[in-house]
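The next part holds the structures, each set out as structure tokens.
Consider the two complexes below, in which chain A is the common component and chain B and chain C are the respective partners.
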Partner chain A sequence: METIFDIYLLEALCNGLLLGGLFALLSLGLNLVFGVMDVVWICYAELIMVGMYAIWWLHTAQGVPVFLACLIGIAFVALLGATMHQFIIRPVLQAEPINQLLVTGGVLFFLQAGATVVFGIEFRNLGVQLSSLNVGEMSFSISRLLSFAVAAAAIVAISLFLRKTFIGTAIRAISQDRAIMPLMGVNPARIYLTASALGGGLAGLGAALLVLQYDVHPAIGLSFGPLIFLICVLGGLGNLIGGFLAAFVFAQFISVGGFFFQLEWGYVFAFIFFIAVMFWKPQGLLAKRA
Partner chain B sequence: MLSLRDVSAGYGSFQAIVDVSLDVYPGEAVAVIGPNGAGKTTLLRAISKLIPASGRFVVEGRDYTSMPSHEVLGLGLAQVPEHRRLFPQMSVEENLRMGAFLPAARKNWREKLERVYSLFPKMRERRNQAAGTMSGGEQQMCAIGRALMSGPKLLLLDEPSAGLAPVIVQAIFDVVRQMRAEGYTVLIVEQNIHQVLKVVDRAYLLETGRIRNSGSAAELLASDDLRKAYLGI
Partner chain C sequence: MTSISTSASFDGPSRALQRNLALVCAAIIFCVPFIQPGQYIIHLLIMCLMWSYIYTSWSIMGRLGLVSFGHGAFLGVGAYTGVLLWNYLGVSPWLGALAAVVVTALLAVLIGYPCFRLKIVGHYFALVTLALSEVVRLIIIGLRDYTGGSLGMTPRTALAQGQEIALGAMQFADKRIWLYLVLVCWLLALYVWHRVDRSMARLALQAISEQEEAAASIGINVRAVKLGLMVLSAAMTCLGGVLYAQYQLYVNPENLSGIGVSLQMVFGVVAGGMFVMLGPTMGAVFLLLLSEGLRLLIGNDLHGVDLAIYGALLVIFIIFMPKGILGTLLHRYDAHAQKRRAKVNAPAEASAAPATLSVLESRP
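On to the complex of A and B.
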């Protein structure tokens, strides 16, 4: 009895780790965009939803192989992110934060309603069944392992990009001193566009990983959108390392909390922890600006 | 090298500089001196097109009056801004690399980095340190190094001695002297009139937004009104 208990706890911990990788990837794009532009894409989860639909449609209706459909889906959401920036965010860049929030909130409802009109309210899935991997008495779904591996690789790639390239360095620099960038020969408008495409591409990658595991429907963004946002806030909005840590903390609360009680209780514990941290450190675990 | 004609700029209805004309010739060091609030920083911001300004801006015979600010660096005008404005959470080396952002400057950025390090050995020691954690003088050197990384023809320095201890001020002016010796053209804006006049060839005196006096550094040092008003001797 005792040993089985421990094995299942270990399984829950491992699943929390896997889930954390996915959360970390999902929050990365939102965090990056905020770090660069000081704008919160409230509609971020809806961009992911659009990506999921795009991949689903390409695969099931057009017969495009899953892997290729995922690549096209990622490119499509990247383009969507850049387009949204150019035509919707850019005009309100100098506006009050509340106006920026309302604008991206408008996009949220637009995308949700648009998806309902085009695809209906049915739950759709790729019809791809990945088996599970058994390690001793523990069982892990292959799609979860795959999404963890891809998320980890993407996070490493993004951090190398941000540290080793001139554009990446400029993306980090602009969040520290916006006004001085022209003196470096940097056109902020181009950095914003690059970061928006990157943020969109990350949402697209998140979509590819989610659509392998979950059904897509017009309101799916609501099931994890608030979670992504809270993870970013918990880590310190705009702080990529903070968001990364917060993703794993949140995932463990959900996974281990769900193991001891029920899955819903895991979420309750995670949000209680979030509220407690907000009292203790309102700017998040690792604030972007000291 | 640089030539300004009737440049005016301000904030809202307030005119911070009025009809300023000045010239900087290749290889010389020129200072714009004047009291606090004279419009010196505004002038440098106008030269780098960071603020809208009227008048004519010419560099090496090319009119850049209507150019956006991020293209001015490509003309060879690198500015070390007021308060240094390093990226505080990035390392010294990352700050220096930001200075080489322009595609033309990226190609041989490692060579330029070596030159900056040999000019400021302290920067090599501290290359992995977060720039915001260094002392004011070190930050100033990093900021000058960052501007040099673009491979500029004209270096614009905005109050490099502000807020630094006297010993450090001396070191910074030594750097300016060295820049000049290396063949850089320098335009420096300073409140520390006595010190800056020792390292430049010529100077302009800016008061309440207008050029009141100009001449060689020796002439200005000897002029009565300057001595009485600013040097207290």
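On to the complex of A and C.
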């Protein structure tokens, strides 16, 4: 009896780890955008939802192979991110920060309700079943392992991009000092646009990984959107490594908390933990004490 | 940009105009039941007033830069405390409302005190309150043995066959009673808004929302003022939850504490105008008329069109009309009145103080 209990706990821990990888990827794009532009895309989860619908539609209605559909989906969401920045966020970039939050909130309603109008409220399924991997008495779904691997690879790729390329360096520089960059011969508008496209692309990648595991429906953004924000804030908005760490902490709360109690309680613990950390370290987990 | 709009809202002849407008609206609404319109009209009016009341409660703290994304938490606590006490212990919702206010106030202090102490503002405050509303929503779902989880629950009915009024149970089959009840609540909320606006803290409030350090340096206890307003706003919102539960006779965690509700509160107020007394009311009416109008126009089949239009409008409002519908209109009215008055006063006070001062002095 004791040993079985431990095995299942271990399974919950491992699943938490896999979930953490997915969360880390999902929060990466939001964090990047915030770090560069100081704007919170509150509709970030809705961009992911749009990506999921795009991939689902391409695959089931148009018969595009899954892999290709995912690529097109990622490109589409990247384009969406850049468009949104250009036409919606740029006009309010100089306004109060809360206005930027609100304007993307309008986009949230628009995308969510738009998806309801176009696709209805039914749950849509990609129809791709990946089997599960059994290790001893534990079982893990292949799609989760795959998403963990892709998330890890994407995170490595992004950090390489930020360190090795000119644009990446410019992005890092601009997130450190917004005023000085124009003097250094970098056009901030272009950097912002690039970062938005990149943030959108990461949302698209998240969509590709999510659509393999979960059904799509218009409210799916609301179900994990708050989680992504809280992870970013927990790690310190704009702090990529902090967000990474926070993703795993959050995922463990949900996975292990859900193991001992019901799933909602895992979330409740995670959110209460978030509020407690905010009071303990308002600038995020990795912040030096202010 | 917003600092201009804030200062504009504190002074100017539009304040009197708004007060008169509110009184006229109240008088008209008071008379509506006598011409015996259909139940539907009365229901619409009740919903308008109820949400106006809730939005106004939100804006009491929202307009000071304390933008809460989690007022759904207070709405949910109010509704569920009332219904749970009534269903399981038979406590009258009137007393339940009192209990709910106490619980809500504690919750607001629990969240607000550390936030204001640690100067958690802006994005961070918004997201902390968002987390709070999620905690409340998930706890309601998690306690499904008592609350019915996501399926929601109904207050035990107290109305016997043919009975119209169960005063102790706060259940009225007659919609007119509800209309007058929410009308009174709405007027009270406007009065509170007005009092807060008028109080000695008026300039202090402005200073707080624009520059906290400056406010602190002139001897304002920033934390205490903020906390007081948050508790006030939360308690009023919580009463809105109690009313909602008793009127609809159905509560559901999604409808009360979902993120959609909390965000809609913020956006409704922004669309109407955050810095003017009737702005939240305008936002609530606008939103309700939009969704009802579209429903009548295109029927129930196209679920979501109203919200999509609403979202698009929000984007347009924030980009082109950050003061909201009523805020912009009243700003124009003020500017116009000021110009007119300057023209009238100009010959007499040609050598006197500058124009802005003359406006201040000539106010009753």
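To be clear about the criterion, the second predicted complex is superposed on the first by the 286 of 290 C-alpha atoms of A that agree within 3 Å, B and C clash if a C-alpha of one lies under 4 Å from a C-alpha of the other, contacts with A are read in each partner's own complex, and residues count from 1 in each chain.
In this text, a contact is a pair of C-beta atoms (placed from the backbone, for glycine too) under 8 Å apart; a residue touches a chain by one contact, two chains touch by 3 or more.
Treat the numbers as computed from the prediction; the structure is a model and nothing was measured.
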item	value
Touch count on chain A, higher of chain B and chain C	C
Which superposed partner A:Val156 touches (first chain B, second chain C, both, neither)	neither
Contacts of A:Arg172 with chain B and chain C, given as first, second, both or neither	first
Touched partner set for A:Pro226, first chain B, second chain C, both or neither	second
First, second, both or neither for A:Leu9, with chain B first and chain C second	neither
First, second, both or neither for A:Met184, with chain B first and chain C second	first
Residues of chain C defined as touching chain A within the complex	1-2, 65, 67, 111, 114-115, 118-120, 122-124, 126-128, 130-132, 134-135, 138-139, 141-142, 258-260, 263, 266-267, 270, 302-308, 310-315, 317-319, 322
Footprint of chain A on chain B - complex, ascending	48-50, 68-74, 78-79, 81, 85, 87-90, 94, 97-102, 105-106, 146, 150
Chain C partner contacts - residues on chain A that touch it in the complex	40, 88, 91-92, 94-99, 101-103, 105-117, 120-121, 218, 222, 225-226, 229-230, 233, 237, 261-262, 264-265, 267-268, 271-272, 274-275, 278-279, 282
Residue numbers on chain A that touch chain B, as the complex places them	166, 169-170, 172-173, 176-177, 179-188
